Every structure is written in C-alpha cells, then in structure tokens.
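For reference, the structure discussed in these notes is given below.
Read from first to last, the chains carry the letters A, B, C and D; within each, the first residue is number 1.
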Amino acid sequence: MSAGPGIGHIGVFTSGGDSPGMNAAIRAVVRSAAYHGLRCSGIMGGYDGMIRDEVRPLGPRDVSNIIQRGGTILRSARSDGFRTLEGRSQATATLQRHGIDALVAIGGDGTFAGARALFQEHEIRIIGLPGTIDNDLAGTDRTIGFDTAVNTAVEAIDKLRDTAASHDRLFFVEVMGRDTGFIALASAIAAGAEYVMLPEVPQRIEELAAALARAEQSKSSSIVVVAEGDEEGGAAEVARKVKLIHPQYDMRVTVLGHLQRGGSPTVVDRVMASRMGVAAVDQLLQGARDAMVGEVCGQIVLTPFAEAIGHRKRIPDDLLRLMPVLAT
Amino acid sequence: MSAGPGIGHIGVFTSGGDSPGMNAAIRAVVRSAAYHGLRCSGIMGGYDGMIRDEVRPLGPRDVSNIIQRGGTILRSARSDGFRTLEGRSQATATLQRHGIDALVAIGGDGTFAGARALFQEHEIRIIGLPGTIDNDLAGTDRTIGFDTAVNTAVEAIDKLRDTAASHDRLFFVEVMGRDTGFIALASAIAAGAEYVMLPEVPQRIEELAAALARAEQSKSSSIVVVAEGDEEGGAAEVARKVKLIHPQYDMRVTVLGHLQRGGSPTVVDRVMASRMGVAAVDQLLQGARDAMVGEVCGQIVLTPFAEAIGHRKRIPDDLLRLMPVLAT
Amino acid sequence: MSAGPGIGHIGVFTSGGDSPGMNAAIRAVVRSAAYHGLRCSGIMGGYDGMIRDEVRPLGPRDVSNIIQRGGTILRSARSDGFRTLEGRSQATATLQRHGIDALVAIGGDGTFAGARALFQEHEIRIIGLPGTIDNDLAGTDRTIGFDTAVNTAVEAIDKLRDTAASHDRLFFVEVMGRDTGFIALASAIAAGAEYVMLPEVPQRIEELAAALARAEQSKSSSIVVVAEGDEEGGAAEVARKVKLIHPQYDMRVTVLGHLQRGGSPTVVDRVMASRMGVAAVDQLLQGARDAMVGEVCGQIVLTPFAEAIGHRKRIPDDLLRLMPVLAT
Amino acid sequence: MSAGPGIGHIGVFTSGGDSPGMNAAIRAVVRSAAYHGLRCSGIMGGYDGMIRDEVRPLGPRDVSNIIQRGGTILRSARSDGFRTLEGRSQATATLQRHGIDALVAIGGDGTFAGARALFQEHEIRIIGLPGTIDNDLAGTDRTIGFDTAVNTAVEAIDKLRDTAASHDRLFFVEVMGRDTGFIALASAIAAGAEYVMLPEVPQRIEELAAALARAEQSKSSSIVVVAEGDEEGGAAEVARKVKLIHPQYDMRVTVLGHLQRGGSPTVVDRVMASRMGVAAVDQLLQGARDAMVGEVCGQIVLTPFAEAIGHRKRIPDDLLRLMPVLAT
C-alpha cells in the first residue's frame, strides 16, 4: 500500500471525557502507522497539549500491554484555549514544528467540533474516532467505551440486588448519561430492573409509582434505574417523589458516578477500538478527512464531521418496549 | 395483542452445550408469555426431559433473580432417545399431556435439527433461539453466550500476560471452538495476542515461527491463541512443533476449557437474550414456526431452520486481516 | 461425637444488615447439623420471622450452590417487635412450637444484644457468628463480609483511578463505616490512596489540604478515602472544605454506598464463614451458649456476648502509620 | 528516625516465580526508602540482572499506579549463574559499583537460599519478603500472592460449577501447588467442592470414589479439586482412575495453570505486601539482615533465613477436617 497523499507522520490524541477502550484505539493507530511505515506521535492532554506542544513519538513498543487498561495513556482535558482562533493557530504551529501532517482524534461531539475548526481554518487532515461512554453519536452503532460502562453499571447493580433481595428493599440507581439514556436503558434491561427513567422519555412519577405497586405484589425487591439527566432530577429526587406516594417503602439511593468511566475495557470495546484505529489510518491514507470513522452493521463507515456533530442517535424504540414485558 | 393462532401454553427448554445468557432468554420467554396471558412451562434437561415428562409450570416469579446467572436453570443434556422416531413420539405425547401447544428451543445446530424433526413429524410449532458460545450459526450476528465466553477467555489471558511479561515467556492458550474460530479470533484481537490459529485458516507452523521470531526483536513476551479445533492439533501440539524450530523459547501451554461456558453473562448477552426471548413469543403468536430468531444489524430476523442448520457463519475477513497489523 | 446436651434441632437466622458470606455460614451450619444427625431449620427475616413463625426446614441440598452468593437466603431485617418482652415471648413460643432447642444467630452487635436477651429471659441456647462488613466486633480478627466489602471498594477505586489519572483529578471516595474506619483504612492502603479520614481519628482539613499540596508536586492524580461516619461529615462535606483552601483543584466525589454489601464473597470470607458455621454447631453440642464464635490468630475462640457487645475493636495503629509512608 | 547503620542505598528485586502483590511490595520498599531519605534502585530480572548489572534508580513516582497490577515490574527469572561462586562475586561487584549497601529480596525458598549465600560470602545485608503463591513458607501466616491465587482459582471453579450443574457433570480441577496443598485446600473449601486431593495427604482413589457415590445420591454435580503435585498424578490421572470405578460418570478435567499467577492482587495481598515492604526497610535500618519478614497473628515477625529455608509450613488439620462436614 502506498504511503497515501503525502502523509508521513500521524498525530493521535484523546479529548473530552475519557472512556474505556481509548488505549486500545491509540495502540491500533500507532501499530497501524508503523505497519504502513509512517511516523507516529502522541499529543498529551488533548487540544491543550497541542497548543502547549506536548508531543512525544510513539512506536509499537510504547503501546505494548495497554490494550487492557482503562483511561488514556495520552491523558485528556477540556481546552478553553482551543476555542479561540489564536489557540488553534498555536496548535497548528505545534503540528508544523513536528512535521505532523494528519491527525486521529479520539473523543466525542466537542472533540469533533474542534477537529472541524482545525480542518476548516488550517486544512489539517483529521479523522475522528467515537470515544465516549454515552453512545449518542450518530454514524456508529456503538461508541468506544459504552459496552464497558454498561457492564460496570450492571455489575454494580447485581451487587445491589443481593442486598436489596435480602432486605425487601427498593433501590434507585443513578447511572451516567446527562443528555441521553443509552446507558440507563441497557443497564435496566440487563440488570432486570423494574423501571427505567430516561432523559428522552417524558416520565410521570405516577406511572413509576403504579409500576412499583404492581411489582410489590409479586417481588421481594426492586431496582429502578435513573439516568443522571432524567428530567425528574436524578435518582435522589425521583426517590423523594416516590416516597411521597409510597411512604412505607424501604428505599435506598445509589449514584454510580465516575466508576463507570474506568475499568478494563470489554471485548466489544477492545475489538471495535482496534478495528476503528486501523481504519482511521487506512482512511487517512486513502485521502479521507474531516470525518468520523464508525461501525454500522459490522462495516466501517465514514460520516462527515458536519453530519456527526449535533445529530444525536435515538434510543431504539423496540428496546424501550421490552421493559414492561420483562418486568411482568 | 390477541393470543395468536390457538396458542395458550408455551413450553421452553435448553438443549446441547449450555451457554451464558440462557437463563436471561428463559426469563424473557416466561415473562413475555405471562404478559400475553399465556401459560408457560419449563421442560427440564432438554429433549430427554421431554421424553421423560419432566415438565414444571413457570411463572414470572420463578425466573426472578436469574438473569445474572450462568448455566441454565432448566438444565441441558444431549439426548440419544430423541434421535429415534419413537423418542420423538413420546416427547410429543408429553407435550399433549400438558397441553403445550408451542415451544421455544434454546440451543445450537443439533437442537434445531431436533426441533425441525418434531415440527415435520408432529406439527409442533417451535421457534429456536441461538444459544451457543461458538457463534457459528447463520442467521444472527451473534449467538447467546459468545460475548461472555470471549470476555472470560480474555480475562484469563490478561492474567497470563501478567506472568508472561514478568518472565519473558511465550504462552500458547487454547480456547474453545471445535469447528470454528470465532472465539479464538475475537480473543486474540482483544487480548493483544501475537498470532492466532483457527480451524478455518490453513496454518503453517513456519509462518507462526517466523512471526514469533520477528516479535522477539521488539517484545518481551508473546501470546499465541489456538482454537481447540485447529488443524495443527490444539495448543500443546502447536507448541511442540514451535519448540522444534525455536528450542530456546521458554514456553507454557494453557487450555482454558469449560470455564468459558460459565460465569455471569455480559450485558450484550443479557440484552440480546432478553430481546430474542420476547421476540420468540411474539413470533409464535404471529404464526411463525420452524424457524430461528436472530439479530442482524440490530433487527430481529427470522431464519427457517432448514436454512439455519448446516450453514456455518464465516469468519469475517477484515477481522482476520487486523491481526498482523495489530501485532506490528 | 454425641448429640450434646439435649440438642436435636438447630435454628439458624441472619439479622441486621446483610453481609457477603452469610450464605456460606448458613450452609456450614446446615451441613454440620446434618453431619451430626441433627435437624435444622431456617428462620426467615431475622427476629421478625421468629415472632411471626416464618420457619422452614433446611437440609444439605437446600444449601447447595449458595456458598458463592451475596446476600442471605434467609433474608434479614431489623425488628422493633423483638425489642419488647412480648415480642421475645412470641419468638420463644415459635421455637417451642417447632421443637428448636438451639440457635445460631448471624449478625452484629444488635443481633447479639437480642440473642442475649433471649437467653437470659428464656434460656434459649444461642451461639452468634460475626456477620457484618464493618469488622468492628471484638473477639474476632475479622468479621464475615469485611474482606469482600473492602475488595469491592478497592475494585471501584481502581476504576476511579483510571479516570482520575487521565484527567489530573482529585477524587473523594466515601466508603461504608458509620462508626468505624476499618473499611476506609484497608481500602485506602490497598487502593494506594493519598489520604484517609476515619471516625476514630480527629482529622484536620488543614492537614489533608497540606498533604494534597505535597502530593501535587509529584503526582498527577489523587484519591482520598473518607469513611461515611467521618466527623467532618462525609466525602461531599470534606471536598467542600478542601475546595475552600484549594479552589483550583478539579475534584469529584463518589459515594460507593450499598454495593459494598453485595457481591460474591471472597475466599477469606467463604472459608472463615464455613469454619465458623461448623464451629458454632460444635460449640452448641459441647454445651456453649450466650457467646460469639470468632477467629483469632487462626484459632476458633469463644467470647461471651456480654463481652462482645459494646466493645468495639480498635483500628490497628501500625496500619494507620503506613499511610504517610506509602503516600510518599 | 536515623538512617540506620550506614545504609544509604537500598536495592530491591523479585526472583523465582512471580506472584500477585509483588508490585505492591516493591512500591512499599521504594516509598519507604524515600520516606527515610534513602536512595533506592531496582534490579531487573532477579539474580541474573544483579550479575549482568541491570540496575535502575527508583523514586516514588516510578511506582505510582502499580499497586493494582499483577506480575512484577522488575521482572523475574531463575538464575543458573548465581548458583556459582563466581556469579555471586559478579553480583556483589554490581552492588558495589552502584553503592547499594542493602537489599530487599522478594521471592520464595530458592530466593532466600541465594540471599543467604550472598550474605555469608559477601556480608551483603539482605531482608527477604515471602512472595510466592504457594503459601508454604514457615515464618508467616500467609505469603504474598496466595490470597489472589486462591481467589482466581475459586472464580474459575464458580464458572465451572455453572456448567457442571447444568449438565449433571463431575469436574476434576487441577490447581497449582507442586509440593503443597494450601491452594487446593482453600480452593476446595471456598468453592464448595466435594473432595480435595493434596500432596500432603496419602489419598486413596477408593475413598474418593466412595465419596462421589454418596454425593450422587443428593447432588446434581460435583467438583473435585486436585493439587498439581498430588501423588496420584494430577487431575487427568485421578479422573482416569475414577472412570475405571464409575464408568458411567460424565466427567471433565480442567487444569487452571498459570492464570493463577496473574491478575490484580486482592486487598489481603496488597495490604500485607505494603506492610511487609515498609517493615523490610525499617528492619534494615534497625540492623536486621539474613532474615525474612513475615506476618504472624497480625504482627510483623522476623525469621532467620536459616530457619525459613527448608521448613515447610504444614496444612492446618482443622481446615482439612472441614471438608467431609461441608460436603455432607
């Protein structure tokens, strides 16, 4: 395979909230670059590191033994500087100084918006990889980190159920997802929860209270999963409102929080991140830019950043309809 | 929704080798039946239990707290009796005795062959769910249990790598897959292995030996994943042959074995099994029979048993091509 | 071994907060009773079930396959009724009705106080087993559930560290322990935390703030473990106070909560619970009563309830002194 | 605290088979040295690295984020060279070249024998830490890595039981322990096995066969744990002999192998390793040498190498006696 349209040195970085599998993606980019005879550098701490010239060369050996690690060896941060024209000029100067002529950006919506600006203003060739636990990016069936985050949530809820069932208790569990309920819905189905509250679905506390009253007839304990962005105000608030209706319930609230971001990535996340990392380098070599690599129906698909940004993926209706059936 | 074409009592059973997620599927069938106002019974021990009349009623509460459990609460076994006309007649008599007028069969190839025979000889309406860790059934992107089995294998290999890296050792790890390399390939990619040997790909020991020699330059330890059905004869045999070429290597062989069948199912397996279990009841009510429920590109798809049986799914070429790139 | 001083039927129950390993203890009591040719019954839901006559016979097979499960198959609850003379008389009547002539009570301080009252007022022979995650009972080196609870906490903190290290963040993690810091101290040492705040040690926020400032020089992320009963008011309150001193820190608070009570018990908890369960039956047969079985230096030791109640075990000073050394 | 009798620079290394928790011990030695104002260096690859002068300075930051990792960052190997007088002279020359005036050796029996020789021939001050999964060293209640190895074995057996129970099968599981049955016995108790075979106890296949026949009456599946060093010849051989007596049994054999050496250490191993690592530096500073640090009844205890070597710890009889009671 040729070295592509003038690409000799690829930079890779992670940006925004970290997600499990980012290291697997970094490794794939680095190894794939080496496979094609290209140089590769890691930019530390996202766009901030690009501005501050925190760049280090990465060879195949530097990414040994990281595929199984949570977090990101390249660190991540949100960058205020990069939101300015000046910041992006400084970042571009860094890239030129190192001779980096193409980038792979691993992150979410905000990361891609930055990538777009860099391409439009400075013609930097960038391919994005969907690295976020939220799974709400259009253009890919799954984002890197989602599967791990849900498995982490479900393992935690499995433990809560042990104690819930021993005490005839009702647990409200808050999972991550400020704007979207993918994690909440998958967690609820997989954990055998009684009910789920999502940002996307207008919920009525009365409906939840009625479902709990029905469940009370036949079950000794119940789990309600609440997305942090739920319009009723998170798990604690939902619990407070249910208490007004069912004051006799023995309730507990647990907020799973940031532990959903960490942990060793699952196989789905490792394989997908590896595949996408290799595809990103392939795509750059074939002339692609200003676009995100995704996986749709098992195939690698390219979506222009312009389309990927701001188009939230929708919660699948059929999964939503499973809940009342499974909670029978 | 109407009660369907004369269906009032659904039987559910598991057959063949057990796989993680079978309990989630059973739960979904039972709850879905109750949701539709149907009776439901569990048949114990697969076709043998059908012959011996081991049937028990299952209500929503009987399947509480099982979604997270490995194995199958309905037990499983291979049945010699059911391979005879007489055995299948006895099984049919059992179903009639209990008034069971439709079945959900959870298992693999052999299970579906039995289901077909039962339908053809006795017009028993049966829908199959793909429950096998091997993932080689056509008509579904994934089988129930595959994701868990690979995660179990990869967690084990992650531990082996700790000790491999501490000692500069080469590990040959044998994973399940007598006729197919799905588990081996996914495990190898996700575990960051150096090389993988699959039944589907004619392998040359020389090629493996050369890859190991290259890896030696840059890495301190290596993992080779071997499918149990590999034509070279399993991990021990492959190791023996490599030793003839590289007598100086410090090698160890590990056969993961049956632990890949057990363990709490992953989210992918729980959600897919739940969805398929609900779909199986829906399909029966809509008149479907003699077919397997699968999930293709996120959609529920029905494949006639006649097509599903004997058509092995092929290993995706693009995943196979990842290996040399990622092992750079 | 003889059947002891007139003991023919042992009752077993769990009371108070559940803890992982209670099922292993129940199993050991039931199997040990069968081994000695005694009848055994389980009392459901602690003292409340004793009052309400919720008793069921338990044989060796009823406790198959439970050693690995969290929670308690006998359920647990706090009982207001049992705090009255009348409640305890009703409970005694239940025992007499079933011919139960000795009890094994699995729980903590409050459980043993109830057991004492039952012995003193009605001469019921009771042996207690220390089942609580808090580890603060005198008379035993470890309580059943402590090791599992700390491992659960540390696995969660390991995940938090992945994300903390990726973002240069400071995490305050609240673990269980209302009155005692055993879980907090062991979690902090095992998770490599920077600092720990315990109920037993008067803490100064200034000291914590100074330690964090020192750590900032050399580390990219820090974890502070806070016991829920910390006098400064829990993790959120501690974080708020640190923020006043170091407003520039990027902080997150996570409250692990009830998931520390659940999960499959560790080997330490399973082996100890098994051993104590067998010892409880042995002790009853040898005439012991009104006392708790504990394990001290690997030996089974009996401590009278009168001594065990209200004597909190102290945090070991030498473990406490490890913290500043290890956080160097 | 004073800098001790002329100690200014401590070397630390791991030797023999690796065990989980070695990194926690290394971290504690390095941090403790820094805390006392001493220099610290790591010697790579055990005694071989000492001969070949593979030494690198270690500061507090070099051991950040390793407490949770399996294996050993200092690598390990067996050394033939060190068994010669010349090899030990070369090793001593390396130490002098770097100004290393005291050593902490983490390993087992063989490691301590080497340490002894080094002390006797060259007066090198060495303190040993018991790092081996086998738990058979005298002078300490537990060795570093034992708790993790048993938990790994039991998690694997828990998975095997899922599938054993689904198929009415008998599993023979071989765990590590060439000369000693500590891992086997603890695994068997914690996994609820039917029977255990240890190197220390002369076993009769007839007794095992009879126990299995009894279990068959009441149980649907059984697990037999076999130590690799069992005199009957390992799990496969034991299974073969049982098959001669009970040809109708459906049996499977699993050899857990090296995965027991890897994995993230448990809390017990992390806390103990941390404590011992700090104690080793304390002891060196107080003038101790030629001895192993152990933990007995919760207290740090020093045992001269001469006593620690060759004195195997015995399997506790009372744990052994639990087996038939718990398998009732």
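FYI, a contact is a pair of C-beta atoms (placed from the backbone, for glycine too) under 8 Å apart; a residue touches a chain by one contact, two chains touch by 3 or more.
Predicted, not measured: the structure shown is a model, and the values here were computed from it.
Chains that touch both chain A and chain C are absent from this assembly.
Inter-chain spacing, taken between the CA centroids of chain B and chain D, is 36 Å.
Chain A and chain B have Cα centroids separated by 28 Å. Centre-to-centre separation of chain A and chain D, using mean CA positions: 39 Å. With touch defined as above, residues shared between interfaces to two or more other chains in chain A number as follows: 158, 161, 165, 220. Pairs of chains that satisfy the touch definition comprise A-B, A-C, B-D, C-D. By the touch rule above, chain D contacts chain B in their complex via residues 14, 18, 20, 69-72, 75-77, 152, 156, 158-163, 165-168, 171, 220, 252-255, 257-263. If you check the complex, the residues on chain B that touch chain A are 27-28, 31-32, 34-35, 60-61, 64-65, 67-68, 141, 147, 150-151, 154, 158, 161, 165, 186-187, 189-192, 218-220, 264, 266-268, 270-271, 274-275, 278, 296-298, 300, 316, 318-319, 322, 324-328.
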